[in-house]
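Heads up, the thing below is written out as structure tokens.
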């Protein structure tokens, strides 16, 4: 009986921690879904740009001993800039209907970013400052990690700000207009290239925050996390429903909790197989994801 | 041959087709006209299986078509052209006709392996005949996208005929054509009728419809408001009202 | 000499990998599953020759059939989804296969030695060629016989009705189904054929490199698989071959002296190529020009 209760506590703990960490996946998922909603395309370089931004944020903290909030801000801004660059180099000049070429171009961009990071850091992982790492509350048998709460909180604030921008500002309205009918939007005088660049930049902002969040929660920054982050982000986007922000949020949290549960129960080698299996189940029963709407659905 | 029984097609609140009844006899050239938005294109899409009707049924030779996906309806002998030409742009003229050879007859005459990987003499002959019929003999190896507009329209028609249909649905084939081209299209449609193909002609261009059809149905707001031969339709008040907003007697 | 033979072998295997993606790409489906089928082919063939002591020829054929069959099974559910969802689904499938083999442990003792896949340690000692006295030249000929056959079959498909139908589906699904083409049959067939080819390539690969590691079968490989036909153009088999020679020969091997800067150059080249020639380096337009030049 004692053992059983212990297991229940540990499993609940794992799910809870995973859920909080899942807010990073939620942000990455929102990023992918934003770009998909706006252009119907996939930006494979996204997580790369996010992590690259986090590296610059780390550099800032190392050279200037800056407060953590600045690290996050720098990560976000640099990733936003990189998102803009990725748009200009990989998406802007390729004909809209040609999905393959844009995808390949962004894959090329991913290789490029990855290699630059590897070269700059000589391939060794670097420590990332964690905030509130000593904060730890206990409620009965459960522990609540302060750093994860902080990470979750940042994710929450970012999402709220994003939704505000999308639904309460003219910029957001232009983005949604382009997502719905790009030709008509152009005819109304909206410059779609400018709007799309801004969408990519906003997604980049979120990515940079997510990258910094992941690094802060794990304590380490390394280019090897780019690919798994990309894959998990994509899985979250699909499970949540392409183009749906609420979907990405719920799916992100869910996948976070789910994967941590399996990490506890089956260990790190098998953990990711279960996440993939989860995706397959969704594809069979709900191929359009949780919410198959686009950003503009009010 | 083709019976459309009380077909309704709703898109949310919009009733594109509203309880439509039509019957097309074998060997007819049957015209369907009506103002924009009257449901003409929706009708073709329902017959071809692209839209599932909200209510009603379509039967072909007495057998219902409901539940049959588009490619299967083709196999029962129904072919169509598209209002906005949908050729395969990066395939040659020859290839556009080649890929359309999916009729039951074709499957029976050639063995599977040959049909996919070979090039028999029958195939060569039939495609060449189609090219001749469409005045496209010396364009066989050109990409479909490099064809002039009139040539593309002829190819679109030829491709539909290459499927060896019993019933051919033409969706505004004369759009954008000049008088010579319309005359040419008229004689083509007649020769197809002589080959035993039944034709449903959806059109706006009145001189073509009035000239070539045996019977015409007029749609407005998804329902049939008149049916008859061309002379009867031209005199029909309801038709005049629908198109012009008034009739001769006003 | 050995170095060049190795390079030639790699080019051959990657050409087959590229061609396995080529057919499905023609139908407009973007699938990153080829790495998964490749992995299945590799491990199956290796297990058959190492643990069950099969001859290489039936082992590679068996690997091919198994991978093809798997592609057939995966095809039905996968091709119900389109676009981005398919990309993610196939990435996930590929990763699943990789993780499966990462965890596969099947050790057998023979002649006092332990052989077989060893979970996270990989699968080493695939020594069929050396154990049976094959010279490196013989290996290359053996491998390239398959490559040429595959190229021939795909080339034949391109020039026959099946190639035209595949491309028709890729260009306009609505028009294709309206002329009687059964989209599902075509797409699943393309996926299955791709699985066969990738499995064959994998089986040969395992024996050429003599040891397998899960790092070889990541999404990166799947990306290479689609990069070759996209860069080479989807209307010509030789485009894929040229793309492979260019990427493997020039970038991977030829520019080794650049060290890690190679990948940066590689990424840059892809970005540039896609911007200037979005239909691939050997699209119909370019081939037309090349034909005219040769005639002159």
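Observations
Going in written order, the chains are labelled A, B and C, and every chain counts its residues from 1.
Definition applied: a residue touches a chain if its C-beta (ideal position, glycine included) is under 8 Å from a C-beta of that chain, and two chains touch if they have at least 3 such contacts.
No experiment lies behind these values; they were computed from the predicted model shown.
The touch graph of the protein chains shown is a line. Here the chain at the heart of the structure, going by C-alpha means, is C.
Inter-chain centre distance (chain A to chain C, centres taken as mean C-alpha positions): 31 Å.
In whole angstrom, the spacing between the mean C-alpha positions of chain B and chain C is 43. Distance from the chain A centre to the chain B centre is 49 Å, each centre being the mean of its Cα atoms.
Taken in their complex, chain B has these residues touching chain C: 48, 50, 69-72, 74-75, 79-80, 82, 86-91, 95-96, 98-103, 115-119, 143, 159-160, 162-163.
The touching residues of chain C, counted against chain A in their complex, run 25, 30, 77-78, 80-81, 83-85, 87-89, 91-93, 95-96, 99-100, 102-103, 120, 218-220, 223, 226-227, 230-231, 260-261, 263-264, 266-271, 274-275, 278-279.
Across the interface of their complex, chain B is touched by residues 156-157, 160-162, 164-165, 167-168, 171-172, 174-183, 235, 284 of chain C. Those residues of chain A that touch chain C in the shared complex are 36, 40-42, 89-90, 93-95, 98-105, 107-116, 118-119, 227, 231, 234-235, 237-238, 242, 269-270, 272-273, 276-277, 279-280, 283-284, 287.
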